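Common to both upcoming complexes is subunit A, partnered first by subunit B, then by subunit C.
Now for the complex of A and B:
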């Protein structure tokens, strides 16, 4: 009975953590799926999202949950600007391999620039939002369900569903998917592929910023915090199948659950090893990840 | 698009990428060096290296250490510099140890081979110090460190001087204090939890507790959990503490967010056992902003130094020049370390690193800023390079400020027992 209660507690904790991982991962998956850009700076946009939410709360008294939503349009604009000034210029070539290399280097450089600029301007002093709901649980029988994480989880799920609906139900979403599947054919249909990329990148960055705001409700904020999340995001995206938004969502949830449930049987020290063991096993059984698309061979 | 223009575009794309990255790299390193390089150094200056983390997850501690060193240097230079060297000023050569042992070691190699330094200080994290001192030992440059881990002075090195009590001693003293405190409050400690990360300091603190100190007191270990920073979530630790209900928790966490997550979970799970941590990061002011003062109240930490009775003027001066809320071990120790090197220079009458090393080994100070900063007020190193009689301080959060509660003769406040 005690074991059962503990197992449920770990499962819930895992799901709550995983929900936010899922939200931050779908941003990365969307960008990769649509543009084939591995955005290494995603973690740093997440970090900036944490700071924006923090300053909204500290200076304007805005509730962090609301603040994280307010961050979304702001980060969409940032995404568009980054796309227009940096990434669009790399897309003019036609050699996919070189284009990929250039993108990797640019996003990695962007990541270094953002985190170091944050270190200089925002100082390394950790900040945080000592909200009451970060340390108050909902009591459900013997289970403790953290309030901040529950709110973050709910918002993350709602936003994920909205993104999914946007991609499958709206004309713009369908156009983005068309540009993903076959850029050339989409262009012949009158879809402005570059514009679709721009929108997708903007949404991807907006999701990172919002996820950051949600994380800020329970996690201390430092200029290097993005590094702690970027690896998890990549694992989630690869686990779910490169480029699949739904896959990344499940991948994120799965990581949270694996991270947590491992502790029923193994010491804390092995927590992250378990994640990578699951990743390797998945790739061994399904080399394209859980929901990976077949890649067209040319 | 024509073929030729396509190729040109591709080349342009790559060239653009290269330029962007080059600019980013140059920009970042310029910014970082502008921020962290010493401002000026006249020809006759004596240089001291300070290698501490200024980027990455431990940057805050490095920043604090730099504040302390700069304060000591300003004092020394304002009062006539090193008199034995004709009033030479002391200049600080700062380098960034980053967030990995490899980066710390390469920073040491770079600075210690390129700059002519008489001695060095650093690098906060014991794991880094272990790496850096291998370089300084090889180059015969004396190294004064605050790092706690016992192995730093167990390798037979001649150029390493540890101004802090080692972690093993801190664990012994912290345990003695809490056992006495419990007794005074009519409690006997029977069970303990050991929770901490896998960095050298935490291990050096927790392992002796587990292996010999706790068994010797008849206290059994009921929870023993460790992780490599960063900690994803502290729920499992809180869960285990809730099930096992230890009488006391010994905590060693070097990464600030890990400790904040841990304290939040302790509160959330309604756990009320006393917590004794190791290291100044447990009593750093940022806890007030990040988790609030209620969560840290009564948390104790064994530290190498902390403001003690009689240091009020120093603390005020530090707060005024830096705007910090209070002075903790990190600036206090570098402040003391710079003064220790200054005293050694006066006695060596030379800026030769080996002469400075010999002077450090022969040092016996009982007065002056160096001696008064570190308990119990005497600076003397044994043959291994450990400071003789170095006493850990136990600081405790009381009403939103960490205060010294042990040893009693240096304490500014009485220790509070967390259980009521």
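Now for the complex of A and C:
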């Protein structure tokens, strides 16, 4: 019985954390789906989102949940600027495979640049948000439910649903999905594929920034925290199926649950071993993941 | 000639490093030299699998760490000298490469890269868990040399130089060997490489093991020369692969000089920055690395070495005449294979291919006699190319039996089928874009010849046979469609194939081109080849084919002499439709 309560407790914690993982993974999946680029800097944009929310709260007294929402338009612009100044320049007249490699490597360079510049300008000392709900949990029967994580979870789910609605209900969203499915066919339908890349990259970065703000309500903030999260996002996106937004959402939730339930059986140090086992098993047994796009052969 | 010059440059680099070892005074400068050599070794190691073979590994520090930990833990547990421990570490890394490679090389592209990312992270967590968070190398008071501990920093320079030199020479050997050509071919196009006889899985495994060994040696020396205390983060950590990637990409992947150049430029810069302003600005070295990656991708994405290479080549390029030589009537040499006397060369029995319930090829049977030219015709979507894909092993899911010279070949890998004597071309010519014309053909020639010199001879012979020898040293980019088809054909001939499968060799050609290819097919027969070719225009085939096989909706609807087949009502219906058939019948009556 005690074990059962404990298991439920871990399951709930996992789901709460997983909701935020889901939100950040959606951003990565959206970018990969449209541009076929694994954005290595996604974790670092998330880290910047944590700091932005932190400074909103520390300097302006903005509630971190509101702050993380305010970060969204800001990071959308950052994404568009990065796309226009950097990624679009790598698109001209190369064969597609090499173009993607170049974009991948640029995001890796961007990741190094952002995290180390943050290390230089912001101190490496961890910071935490002085929010009241980080410390007081809800009590539901025998279960303790972290308030900050609950709010972050709710907001993440709402935002995920909004993104999903945007992609399925609006013309712009449908155009992005068309460009994801088949860029060439989309171009023949009069869709400006390059603009879709730009919008998708902007939204992806905005989601990273917002997710960062939500994470900041319960996780210590350091300049190098992005590295921990990018690995989780990679696993979630692979598990869900590369390029599938819905898959990434489920992948994120599952990763949270796996990470949390591992603690029932293994010591804390081995927590992420289970995550990597999930990654390798998915790749080896079902490389297209739960909802991966069918990759055209030969 | 080029190879000798390259060996001369290697000797020069090693001699210059030796001189530097003797000249440098300050301990700090020796440290930088050691680091340059170790990271150059690591970059060269990564370059073997990711540069030559194009399989991007984000986890190469796994082997670096295995080398370091194995060596140090062996000292601690059994007092084994690191000189031997280093070799045990290299062997352990080779085993790890096989264990990781077997499941992972089934994955391609980004999937492979992501899978390799996981391994060093797992090792890092395991080392932490096993209590090896900080493993100091015990100070050897007696026999320090036995424990690889030297007061003189030049000893570490020399040790690193030795490993570096061996890795550089190995890279040089790979670049000029069958393995190197195979790797470059599979990097460009794995399917075509397979069809030309390259055992892609085996080549990748060999390259992976060869790249794991120097990484492990570098890790072991790094532990002794630089670290003194081995931590999971220092050897399995992200910054190890970042360092390797950055210097290899900045220098230029795919050439042995890329990582060397990258290490010589980037390591001194980052060390100097860390030593001077690193205290005030932690992370300055990461910022510089990040900027270097972004700038190199923007302005010279292939890397500094290749950029310089292209500039030099442009300056020296002679205005070569692209004139085609007179087609030599010489027949290319062919391997002698035992032929089952009297039997058909190829026997196809009940071959079917289904895609998700759609039967693309349904129960097709026919046979091909030695020396015959057999045409396969059928409207678009009749299953012609799918049939070829089943015959040359691309479609492992195909059912039915295929016998070649009496031996069953269905179920074999494409490379095995190629090496048994079946070559093929593609509907849209597929060349290895970054290999020269003769190198393209050499990939084929390596299917039957291990050594580079003779393979080149065979390739030139095959090029002369199709009349393309004057283009031998140019890249295939910019060749006309006819020349691309000739290139594919000569690559096929060079494999030593007896049976050549031609997939619409006339598509997209002018009338002159059609005449040239038809003439060539005639010469192929005269030289003893057997030809199976797909066309959807009947007229061209009537001139050349001995027999025709007609496919429609995946089924064989007619087979026989061209004259009979074209009068077959089923064939007319398939090609022209029922209404037209009725029209023809009314004309007859």
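Note that in this section the second predicted complex is superposed on the first by the 294 of 298 C-alpha atoms of A that agree within 3 Å, B and C clash if a C-alpha of one lies under 4 Å from a C-alpha of the other, contacts with A are read in each partner's own complex, and residues count from 1 in each chain.
Just so it is clear, a residue touches a chain if its C-beta (ideal position, glycine included) is under 8 Å from a C-beta of that chain, and two chains touch if they have at least 3 such contacts.
Since the model is a prediction, treat every value here as computed from it, not as a measurement.
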item	value
Clash or fit (per the criteria above) of subunit B with subunit C on subunit A	clash
Touched partner set for A:269, first subunit B, second subunit C, both or neither	both
Touching partner for A:231 - first (subunit B), second (subunit C), both, neither	second
First (subunit B), second (subunit C), both or neither touched by A:283	second
First (subunit B), second (subunit C), both or neither touched by A:106	both
Touched partner set for A:90, first subunit B, second subunit C, both or neither	both
Which of subunit B and subunit C A:39 touches, first, second, both or neither	neither
Superposed model, subunit A: greater residue contact from subunit B or subunit C	B
Contacts of A:117 with subunit B and subunit C, given as first, second, both or neither	both
Overlapping segment of subunit B (options 20-28, 146-154 or 362-370) - the one that collides with subunit C in the superposed model	20-28
Subunit B and subunit C contact sites that coincide on subunit A, given as residue numbers	86, 89-90, 94-95, 98, 101-102, 105-106, 108-110, 112-113, 116-117, 119-120, 124, 223, 227, 267, 269, 272
Of subunit A, residues touching subunit C in the complex	38, 86, 89-90, 94-95, 98, 101-102, 104-106, 108-120, 124, 223, 227, 231, 234, 238, 242, 267, 269-270, 272-273, 276, 279-280, 283-284, 287, 298
Contact set on subunit C toward subunit A in their complex	56, 103-104, 106-107, 110-111, 113-115, 117-118, 121-122, 125-126, 128-129, 191, 238, 242, 245-246, 249, 281-287, 289-294, 297-298, 301, 389, 394, 433
Residues on subunit A engaged by subunit B in the complex (per definition of touch)	2, 6, 9-10, 13, 17, 86, 89-95, 98-99, 101-103, 105-106, 108-110, 112-113, 116-117, 119-120, 123-128, 130, 134-137, 144, 146, 218-220, 222-225, 227-228, 259-260, 263, 267-269, 271-272
For the subunit B and subunit A complex, residues of the former touching the latter	6, 9-14, 16-18, 20-21, 24-25, 27-28, 31-32, 35, 54-57, 59-60, 62-63, 99, 198, 225-228, 230, 232-233, 235-237, 239, 243, 256-257, 260-261, 264, 267-269, 286, 289-292, 295
